[in-house]
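As written, the chain order gives the labels A, B, C, D, E and F, with residue 1 at the start of each chain.
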Amino acid sequence: MRLSEESRSLALETGVQLHAEGSCLVRLGNTHVLCSASLEDRVPEWMRGRGKGWITSEYGMLPRATHTRSAREAAKGRQQGRTVEIQRLIGRSLRQAVDLAALGEVQLTLDCDVVNADGGTRCASITGAWVALALALKARGLERALINQVAAVSVGILEGCPGLRQGLILDLEYEEDHRAAVDCNLVASLPTGGASELSVVEFQSTGEGRSFSRTEATALLDLGLKGCAALMEAQRKAVALG
Amino acid sequence: MRLSEESRSLALETGVQLHAEGSCLVRLGNTHVLCSASLEDRVPEWMRGRGKGWITSEYGMLPRATHTRSAREAAKGRQQGRTVEIQRLIGRSLRQAVDLAALGEVQLTLDCDVVNADGGTRCASITGAWVALALALKARGLERALINQVAAVSVGILEGCPGLRQGLILDLEYEEDHRAAVDCNLVASLPTGGASELSVVEFQSTGEGRSFSRTEATALLDLGLKGCAALMEAQRKAVALG
Amino acid sequence: MRLSEESRSLALETGVQLHAEGSCLVRLGNTHVLCSASLEDRVPEWMRGRGKGWITSEYGMLPRATHTRSAREAAKGRQQGRTVEIQRLIGRSLRQAVDLAALGEVQLTLDCDVVNADGGTRCASITGAWVALALALKARGLERALINQVAAVSVGILEGCPGLRQGLILDLEYEEDHRAAVDCNLVASLPTGGASELSVVEFQSTGEGRSFSRTEATALLDLGLKGCAALMEAQRKAVALG
Amino acid sequence: MRLSEESRSLALETGVQLHAEGSCLVRLGNTHVLCSASLEDRVPEWMRGRGKGWITSEYGMLPRATHTRSAREAAKGRQQGRTVEIQRLIGRSLRQAVDLAALGEVQLTLDCDVVNADGGTRCASITGAWVALALALKARGLERALINQVAAVSVGILEGCPGLRQGLILDLEYEEDHRAAVDCNLVASLPTGGASELSVVEFQSTGEGRSFSRTEATALLDLGLKGCAALMEAQRKAVALG
Amino acid sequence: MRLSEESRSLALETGVQLHAEGSCLVRLGNTHVLCSASLEDRVPEWMRGRGKGWITSEYGMLPRATHTRSAREAAKGRQQGRTVEIQRLIGRSLRQAVDLAALGEVQLTLDCDVVNADGGTRCASITGAWVALALALKARGLERALINQVAAVSVGILEGCPGLRQGLILDLEYEEDHRAAVDCNLVASLPTGGASELSVVEFQSTGEGRSFSRTEATALLDLGLKGCAALMEAQRKAVALG
Amino acid sequence: MRLSEESRSLALETGVQLHAEGSCLVRLGNTHVLCSASLEDRVPEWMRGRGKGWITSEYGMLPRATHTRSAREAAKGRQQGRTVEIQRLIGRSLRQAVDLAALGEVQLTLDCDVVNADGGTRCASITGAWVALALALKARGLERALINQVAAVSVGILEGCPGLRQGLILDLEYEEDHRAAVDCNLVASLPTGGASELSVVEFQSTGEGRSFSRTEATALLDLGLKGCAALMEAQRKAVALG
């Protein structure tokens, strides 16, 4: 088991979906997610005529992304609650990356499909979807609409691990996540314009086995911000904004 | 518009669903939620034979709880993502209230149905569901399994309101929630055993219009904890543990 | 057990759903139904351009309205046959209350949600929905479209009860309904214009344990008409047409 | 247009579904329904171990049974409210034909599929389903369980037709049904044991365009009973109980 | 068991669905299918404005068409894979019968509902649907659009039957189909204009128990073409093109 | 446009899904499919107790596998007819590869998810699924159950291409498939035991724009068999049976 305050190794391979305006295969340790950004020149009906764009997301798992095969949601005829919750989070997070008014009446759909799952799939999806989104905007000459960089990481408290400072751990693998007493996801943003400090887009912290103190909450937040800063460097290289 | 660091007036009426083991109508300003706790002597299949209990929740809105009528989910044939997300949060939060091993193989289902919606329905549901849960456990002589008191409140940042300290506002009405730049839900717990400090069960903070700083995050958390402490007093009176 | 030719005590509380154009909580003994009338300035597509209005209804039960918890229809993803049958009856009955041409292109949706069920929920729904409907029409200055008062009551034959004349019983509780040999629902109407006799909107009579004679059928009808007359007095007070 | 107190011509052809324990093609004027009775040696789970049988029904329309093609319910993925209401009525009515205890743990499913629709399909279904049911019981040596003959007919009030006594009309065609002010379905039964009077299994009367008086209700009931008596003669011939 | 290279006896009864533009009850041995053609003066949205027509098909089985009762697809809420596959085949095959441009913006829906199933229902459906289609086009004066005659037959290899040349068998009954090592469906067409050779519209050959050689494939194809030629004679008589 | 009787370049990358018993990413030109084989020690209920195994398949497309984004089937809540048809074909084809009795009560599920679609996805899925299946059997010491090698290829007739002999073309790209007059899929098998001739598992040939002759049918079959032989060489290398 990796015990540290660093995230797992990250690889971002672009151009993997040939038809997509932008795509990226994220490999974060053994968590692999295929992200694509599809750009269409129309927005949902409830947004028409406002001159603004929209960003939405859909998330899925290949049936054998997991240790044992999971039922295919298309075959079951409905998406699980967990799926819906995750795709709402991805959509909400990535809307912070873009000036929707600068997009014009354009919709971007971010599809995140998990090929291999080993913890942190929603955070890896956000990190990869930002790359796909940035590439799609470039491909269509819409870079000016990209106002923030967005990345996400998980962070938690693992009890009974002497090697961890206050039990804090960044970027949990499946086994670690399973045993964690407190489990958080942090989505952070950074203006694309230049040097600046990261701020918080979304911070979700949940006591799984126990509740946690105000002090622990802030320590988790701080570690997550540090983790996101590192992921953002890799993102910039992948889209050659670096 | 109320601009303050106090929550709206809270009334907790018990016994409103005649057949339920425990029930409570929460009125938090113009947000009214009917909460019931149903106790069954069997657990879901995946939990059988472990000697432990389970707590789950379902959430719904009456079609005319809202300004304009919303489609009935039973008629549409599927629950919205928002509904599923909320009922997962309620279930997760209330499981922190109970020692599941002390319950035995018993399932408690917490139904929260919104009669009138004016912001903060998920938090009001958690606060009311705890009362229904506590009454159901009393009615069946299972008080020993109730180890924590759990309540929830929303908190946010409203910009352009000179009356607010740093824009902070507790327990947002629908209109306030709609205009908020940052929007949080805090679920807190307190051991039933005696005097102690509140701790965090779940803290969900989302930048709606903008991201927010680490300093703002901790100020929001602090205001939420203060708000939950006040709600817990009312809960104790309602179940006469006070 | 009440054995009589009178209905249970009736209370009609109005204004319970804050956003609805009209609303009413019916309490008929231990049967409690929340009724609301939602008025929208558009009709279903198949009715457009005819200058006429439309009235429809949806019916539901809170999961713990019943002795043991029932599955939530929204969660199961489909409405039961019983639900569909009841809401079709409510809609059909209340359309008799209104001159649809005098409404203009307006749709009224009558939502009836059962909070506590102890027999007769469909009849209580109709009685309460009429109050909500009348209030909604008043609130929008459309009283002229309200041409009939409509109320409903159940009536049946209970065998082996010496206190009952020919076994006849009005407004059956759940236990009585369960044991009844013949089970009827009567919807009656009375012109709003002035003194007149009640007439029949719908009479549904079903032999549950045995078939019944022509004589029994007419006795059931007569008792039901008498019962509806009493309910209509309470309705008039509630909407202050009295 | 036929204006009379007699039903349309009735033909009952048996044995049309080769695999069914009993089957009957009913032709009532231009309304044609294919009825089959399927007998299985098991009852629904909730009835097991009681030593009693069960009777249920399913109803459908071929897409081109109607003037213009209707959507196939299997393709739409859900049965309409009208379908569910009708199949509940058929099942309830035919359960009155049988002594369920004398059946043993046997389930009979009555499928009624409309080939051509010209009004009165639910009544024709009941009349034909009784024939299929009787044949299936004979085929399996279970005649003793058949205690009542059951048939059904529609009856209504048509205004503005001088040829009709009080506007009364039996067995309405589609066009008549469409114009009727009052619309009823009567299901009647007669003990198989010998001469006796018909009694009522179900009487559903609905004011479509106007409400109706107590006097009209009884006249409708009387005409319906007379109509059912004639249909029962044809049924007896078809199953050779004559 | 019939062992031969001839198909079962074929009867084509027309006009069985009174409202349909064309209809035909096919009886091929104990396989009976009710086929109707419904003509509407509009095409699906994706085809509008091109001046061309469209042909589609829906297939179903009455629940008791089979040895034991099958669940009704409308009640289950979804069509089986087999159903979808068959109706796609029927639609595709019959589109070869018609010059869609000569139709104008007209849609023909071919409904095929199996009354009795004894093998070969998809082929019997195609053969009967062509008759219904031809009659509908005649009824509307669109014969010029009918450019090909289309019929279908099953063919297979049955092992261990000394009476069969190379095991080849035409038009398999259910029991034969069940035991077949190789199972094929052949759809053939013939120009309506005059004498000509049959050609292949669709040839689907599947090794059920074993794979098969190139030589067997061509023998199967030849036998199927011979079988279709005979069926086409009967079709021509039924529509009086003969 | 490639005009030839050779298939596109084929690459088979194994081990791409970390948790699967066997997996393979097929790249056939710009058609890329991720195939996995999941082995479970239980069979579907209807097969239990027979001591035999079962093989089934599910097929899906990532939303942006296509030129424009397709709706996600999990979000729509049902699989399309095309999807169901394809996964039935894959399952049927791969069951020919295995001696189900030698498997024991084991189920293999073959998931084929299309990452990039450029024609021939069902054939590429079969070719790749065989590799995943063979690897899974090896990983569990069940090689003896693998009795046949199975591969598939598309073949068609393209009119107006002077470079093509009789218009014949192997392994059609999307654009070619779209323009083809005749469109076939051939699944072939070869015993694993040693040198032998390919035989046919399934041959589906469809006239899209026109029907075709017996001579064309056999030429298509011959070209397809030649194409499958080449694909099988690549399969053997990938699983090192070579």
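Keep this in mind: contacts are C-beta pairs under 8 Å (C-beta built on N, C-alpha and C of every residue); 3 or more make two chains touch, one makes a residue touch a chain.
Quick caveat, the model's predicted, so the values are computed rather than measured.
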Going from chain B to chain E via touching chains takes a minimum number of steps equal to 3
Supply the minimal count of touching-chain steps required to go from chain D to chain F.
2
Where the CA atoms of chain C average out and where those of chain F average out, how many Å apart are those spots?
60
Averaging only over C-alpha atoms, locate the centres of chain A and chain E and give their separation in whole Å.
52
How many angstrom between the C-alpha centroids of chain C and chain B?
34
What positions in chain C touch 2 or more of the other chains?
77-78
Ring, read from chain E with chain F next in line, is E, F, A, B, C, D
Mind listing the chain E positions that touch chain F in their complex?
78, 81, 84-85, 87-88, 92, 96, 148, 188-189, 197, 199-207, 211-214, 217-218, 221-222, 225
Complex contact set, residues of chain F against chain A:
16-20, 23, 30, 34, 36, 38, 40, 58, 60, 62-69, 72-75, 77-79, 83, 109, 111, 113, 115-116, 118
